[in-house]
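One chain, chain A, appears in both complexes that follow, with chain B as partner in the first and chain C in the second.
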Partner chain A sequence: MNGKTEYADLTHILNPKCVAIIGASEKQGKVGQAIMQNYIDAGFAGGLYPVNISATGKIMGHQAYKSILDIGRPIDLAVISIPAPAVPKALEECGKAKVKGVVIVTAGFAEVGNVELQEQLVRIAKKYKLPVIGPNCLGVMDPRSRSDTLFLPTFKIDKPNVGGISFVSQSGSVGSSTLDLISGEGLGLARFISYGNAAVVDEVDILNFLAHDPDTKVIVFYLEGVKRGKEFIEVAKKTTKIKPIVILKGGVTESGAGAAHSHTASLAGSAQAYEAVFEQFGFTIARSLEELLYFAKVFDTQPLPKGNRVAIITNGGGHGVIATDAVYQNGLVLPELSKPTQAALRKVMPPIVNIRLPLDIGGDADGKRYSDAFELLSNDQNIDMVMAIVLFQTPGADEGVAETVAKYMAMKNKALVAVSTGGSYTKSHVAVMESQGVPVYDSPNDAAAALAALYKYAKYKMSGK
Partner chain B sequence: MPRLFDYDRAQHLLAKYRIKSIESKYVSSYGDAIKFAAGKPIVLKAISGKALHKAKSGLVLLGLSSDKEITEGFRDLSKRASKFKPYKILAQRMVKEGIEIIMGGNTDPQFGKMVLLGLGGIYVETFKDFALRTCPITRSDARSMLEQLKSRKIIAPDEKSAKMLEDLLLKVSKMFAASKMQELDLNPIILHNGTYDAVDLRMLE
Partner chain C sequence: MNGKTEYADLTHILNPKCVAIIGASEKQGKVGQAIMQNYIDAGFAGGLYPVNISATGKIMGHQAYKSILDIGRPIDLAVISIPAPAVPKALEECGKAKVKGVVIVTAGFAEVGNVELQEQLVRIAKKYKLPVIGPNCLGVMDPRSRSDTLFLPTFKIDKPNVGGISFVSQSGSVGSSTLDLISGEGLGLARFISYGNAAVVDEVDILNFLAHDPDTKVIVFYLEGVKRGKEFIEVAKKTTKIKPIVILKGGVTESGAGAAHSHTASLAGSAQAYEAVFEQFGFTIARSLEELLYFAKVFDTQPLPKGNRVAIITNGGGHGVIATDAVYQNGLVLPELSKPTQAALRKVMPPIVNIRLPLDIGGDADGKRYSDAFELLSNDQNIDMVMAIVLFQTPGADEGVAETVAKYMAMKNKALVAVSTGGSYTKSHVAVMESQGVPVYDSPNDAAAALAALYKYAKYKMSGK
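== the complex of A and B ==
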């Protein structure tokens, strides 16, 4: 927590056995109602305890309490959703009740100038050594534990699959919309954390937690700024040695310091400093929300390549040309196939197929031809990564091809991405490939950028910094 | 207002870290300057804490060779510098032509001391081709800074020059991190014949 080198433990916030909802209500439109409903709808298997100062009897079928101190059982997570002036007292009671973690969704603190009210929360959290996320945040979602403090109507947001991507966002709106995209794209979520004002738990704590979280394979961060620069660097340095961090930084267009006295200071503004830190410590920098997802899915599913050599297989000549350009524009190369691979391909491919990269296996290529190509390329020592272009508009491409690509998702430790450009027929096959863990992209350029990001991180990791 | 390191103090610091800078000397008369030149071309610069951008303020005169040029230059510069009192006049050897780069340091409010490498001289602000890292930097950081530059093939065309720049960058980073200065410009550093000369510098605390 702030000012100390020890980090907040978020285990009980993300994987609670017993949850108290402070401000729970049956009244439609109340945040406390939406949160209760979420826990019930998500099928949260642990204890659920509504707390409301005017409670009598039950709230949504669960015994209600006037104070968290009345529950008389150990509570892992308290979610606070009551008016801002009442929050300090509720937090104090959480401390007394020995709650292990708190999420304060309530707004109306430092973000609107109520700094003193927020300082009260910080003092209470310190006194009880309470990890507190928020205030002014969406909180957390964990599809494994089914803990979900998001107060968004469930019918408006897709439910994510369970997976390896942990998504962290200071902003609630970027958080919820991107979370919806992650779910809509069929990507697997490990943890979602929206941390708002970061009064107590900040990006440094969260990064440290996710670095050591076995369920998290890749950390995806939307960041507007950090509060503790030096500590952020320390934690980031350790984290990128273990797993990739894909980061999108908001607010990069600000210019360098205006009234600088030296050339260096006029060039090296705050945005440039962030960029430098990301570059230096092995972050993968995304330039848009789309890239955030493109990179997240390749890191989540594919092994790190040993080099920058890409084999392109395609059933469309033009796409092969575009993809070749994209590969080189991203600093990757198309190698020469090894002699044994060339000979073996010559035997199985029809005479019209030129045995060189990009390997255009023809508009009539079917599942069998893709399979032959994959089998031989996956054994070629000259190749580090494979980009499979499958255009489903062609006569040969059907579910057989989609299944073949899906089957080869693990190319004997070679990273594989697929490119399928097209409409609804294509989309249905893309879903088949993605459900098996093949990252599929609309354009060769996006696919090449994803492979380049994978290679860049692999290189950073191998450099052993 | 940040305070400019005195030129002698700055030179001393560079020497301590074995960073080569061009031979220079404060001169108090044109006679001094002529003696320093000893028949070879020199540069005259007026140094004042009130004029942080010397060239922009017209306080740099290049390529003065003959006694007449030096005498007139000294008088002219003294006149121009009179509005930036107090000032001193520095005579420097004229450097051979070469590639101009910048190395520098800045103190970021969030991340602390940072070191910069870029294409230098008059190109700094036009092309903004630079790389930045937090201090301390490792050799692989220095290498990646060089690789990040669009102009890398101009400033480090071969492995030997790349190695020389890495060594220099490591020294600059070490000096900047250890000192009280908040901002540093070594701009330009002129690269020529496999070596370099720091030609102008600005250290602010």
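== the complex of A and C ==
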């Protein structure tokens, strides 16, 4: 909150008991209608209070009020979606009504040059010590509390599972499409925050809140610019000591920065400057939208490894070769198996299996053979992480193998990722593994990059910087 | 064929009229059963002749023979799946029967040290000038002729669409899983060839054949090693003058090469040596399994661009920023729009739209607005390629937009790629675009890499090297 972080408590915005929708409407196509519908469809269990200056009677089955001051009950979150010129007055009333947090989705402020109108909001928020997200934003979604201010057609976005990933995006479109992707892939969401113009609550406040949020296991940021760079770094430094931050920086080329400036009016710095700073403070840098998710899912589900030694188990030789290349290209290594592990594997594996890493257990490998391999590798002190490649096109790979991989998620002393490449039959088995928390990747390259991100962060954390 | 390319005609293997399955069986789990079933299930229209030394009567409804010599009709393709020691005799009989091509799926030759047994096959093939694929391979699949020697459970692999991508893999597991991925993604396959030990027909022969194959628009290779390096380069040099070759090299790190050696007994060279040679001769180098497909689909569907100037159209600002970064990071540029295009866009776009690239046409953009943008950009001589970002989470993006993008596939003077990020609603619309031949990517990063591959190859071809 622009230097005054002491009152940026987002708890009531993300987990409200009572919500007022200022600008609520029954008219299809209105933002206030979409938001009301969201809370109703999501089965939000708290109180829902539509506010509309021309309200009489009920809106969508809920008693409506002309002003938030008329409700006469404590409101945790007010969502404002009325025309921009009317927003300051509504915000002032939120302050008077002792609302605990506000999301302003309305656009038409600094991003189109109405700087003074936005400054009015800032002054009111400061006066009442109101945490305000926005304006010009999608707002928040919290799958636990079912607080959801996104005003997009609900049938267009998959609903997320509950999990440990908190996704923060200045950009609404990156926010909503990535949220949809997170949901479509079955990943677990803790908090979603799209904060738009950041007039009051900004990146620093959000990072600060998520750092201390017990539901957030990994913080994932799409960031175009930072207003309070120094404070951001201060908070980030403390945060990466507690939990990982994965970040995709938009506007890292000169032209990209130009596009970012015209997009959110934020000043994007150079790629080098950001990356150097980010790396120094233990950030995990994603270089594409995919990497954001690839890294997020491994951090959400896997323990931090003690070293960079990877065991590859595969039922396909070619994938073993590609995975080995990818492991080394990402700064990880395939260790030598310990002598006892070698001897034990020799006993249970068919004679044709070469007892070394990558461990190619054969195109006919079934659940039993995978289980034997996992069991022995999980006890080998030379191994920190396991990449299990399961190609479901082979005769032996079936439900049994998917369940074996899921079972060895319990192998909590080592990080585990799986790789399965294929079409519909494969995807149905990937879903089984992912539903049990195994991070599954299409290719060995992505899996190796994810393990490398995990190791790099673990190393940073162990270094005690 | 190890220096004698004159008789490596694979036409009859890929497009046979009559097929003999040596080792055909009714016994579930037998390779000879799976192959018979494949030809029957695929609706192969030619003659199908099961051969089994202990045959009496019919196998799976087809008259069976004890030897291929007993059939008494010209056979185009013989598929051999009998125990290794019996293969030389069967191959000799194929020669005598004047078979036009052979696929030996049986394993147990040079890859397990039986070098002399494999040499016998080579001698017989040479004697009869028989093109032989294998041994120790999955063989071929051709979706036009429905010739399919893959002996994997059919329910585990999606069936491919007919198209222009020919995929060649030494490795059976990379082959089958990538084939499954190609099919699952709805890409168009011309030929699939998994050639195993390459005892007779090798990389050089296959490349030579595909170079002249009118059904093959792009050749995609997963390669661990090349036996006849010099000849391979000779043929490749000629091929890239005609059509693109996309290649993923396995075993590019020292450890990866070690794994490759124990996998297919091929000698993998260093990454640098390969890449330098490959680039010099106009190969498109993929660095992951995903890139193989990302590049293949743009080559299969899009015209070669005349320059490196990309127009980005987007309904999401953040994606525009990420795409701009990705374009520049891949050596492409966003040009200035020509004055007439600027003026024309100004007339049809809402006032809030900033008339520059990336062209952010707004979160409320519908089919009409995309259509207007495409129409004007397609006439701009400053533009060589178009990246259309469509985020289907927004209120305006629906069937109409998907159809507009598909329609502008007809904009054949410029290459077009689309980007759509999201879950189930998005995926259903991606399917519409892809069914009309638009290459769609999850992220701007992948789309930019694909356009860059297209441009790089176009530049190589134009250079007339």
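We take it that the second predicted complex is superposed on the first by the 446 of 465 C-alpha atoms of A that agree within 3 Å, B and C clash if a C-alpha of one lies under 4 Å from a C-alpha of the other, contacts with A are read in each partner's own complex, and residues count from 1 in each chain.
Definition applied: contacts are C-beta pairs under 8 Å (C-beta built on N, C-alpha and C of every residue); 3 or more make two chains touch, one makes a residue touch a chain.
Remember, it's a predicted structure, so these values are computed and weren't measured experimentally.
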{"item": "Partner chain(s) touched by A:61 [first = chain B, second = chain C, both, neither]", "value": "neither"}
{"item": "Partner chain in contact with A:331 - chain B first, chain C second, else both or neither", "value": "neither"}
{"item": "Superposition-derived comparison: chain B or chain C, residues of chain A touched", "value": "C"}
{"item": "Contacts of A:230 with chain B and chain C, given as first, second, both or neither", "value": "first"}
{"item": "Chain B versus chain C as contact partner of A:340, first or second or both or neither", "value": "neither"}
{"item": "Which of chain B and chain C A:392 touches, first, second, both or neither", "value": "second"}
{"item": "First, second, both or neither for A:273, with chain B first and chain C second", "value": "first"}
{"item": "A:400 touches, of chain B and chain C: first, second, both or neither?", "value": "neither"}
{"item": "Which superposed partner A:426 touches (first chain B, second chain C, both, neither)", "value": "second"}
{"item": "Chain B and chain C contact sites that coincide on chain A, given as residue numbers", "value": "260, 262-264"}
{"item": "Interfacial residue positions of chain B with respect to chain A in the complex", "value": "2, 52, 102, 104-106, 108-112, 114, 116, 118, 124-125, 128, 130-134, 137-138, 140-141, 144, 148, 183-185, 187, 202, 204"}
{"item": "Chain A - residues contacting chain B, complex", "value": "225-226, 229-230, 233, 260-268, 270, 272-277, 279-280, 463, 465"}
{"item": "Chain A-facing residues of chain C, complex", "value": "29, 112, 152-153, 155-158, 169-178, 180-181, 183-185, 222, 224, 248, 250-256, 258-260, 262-264, 287-290, 315-322, 324-329, 333-334, 352, 354, 356, 358, 360, 363, 391-395, 421-427, 442-446"}
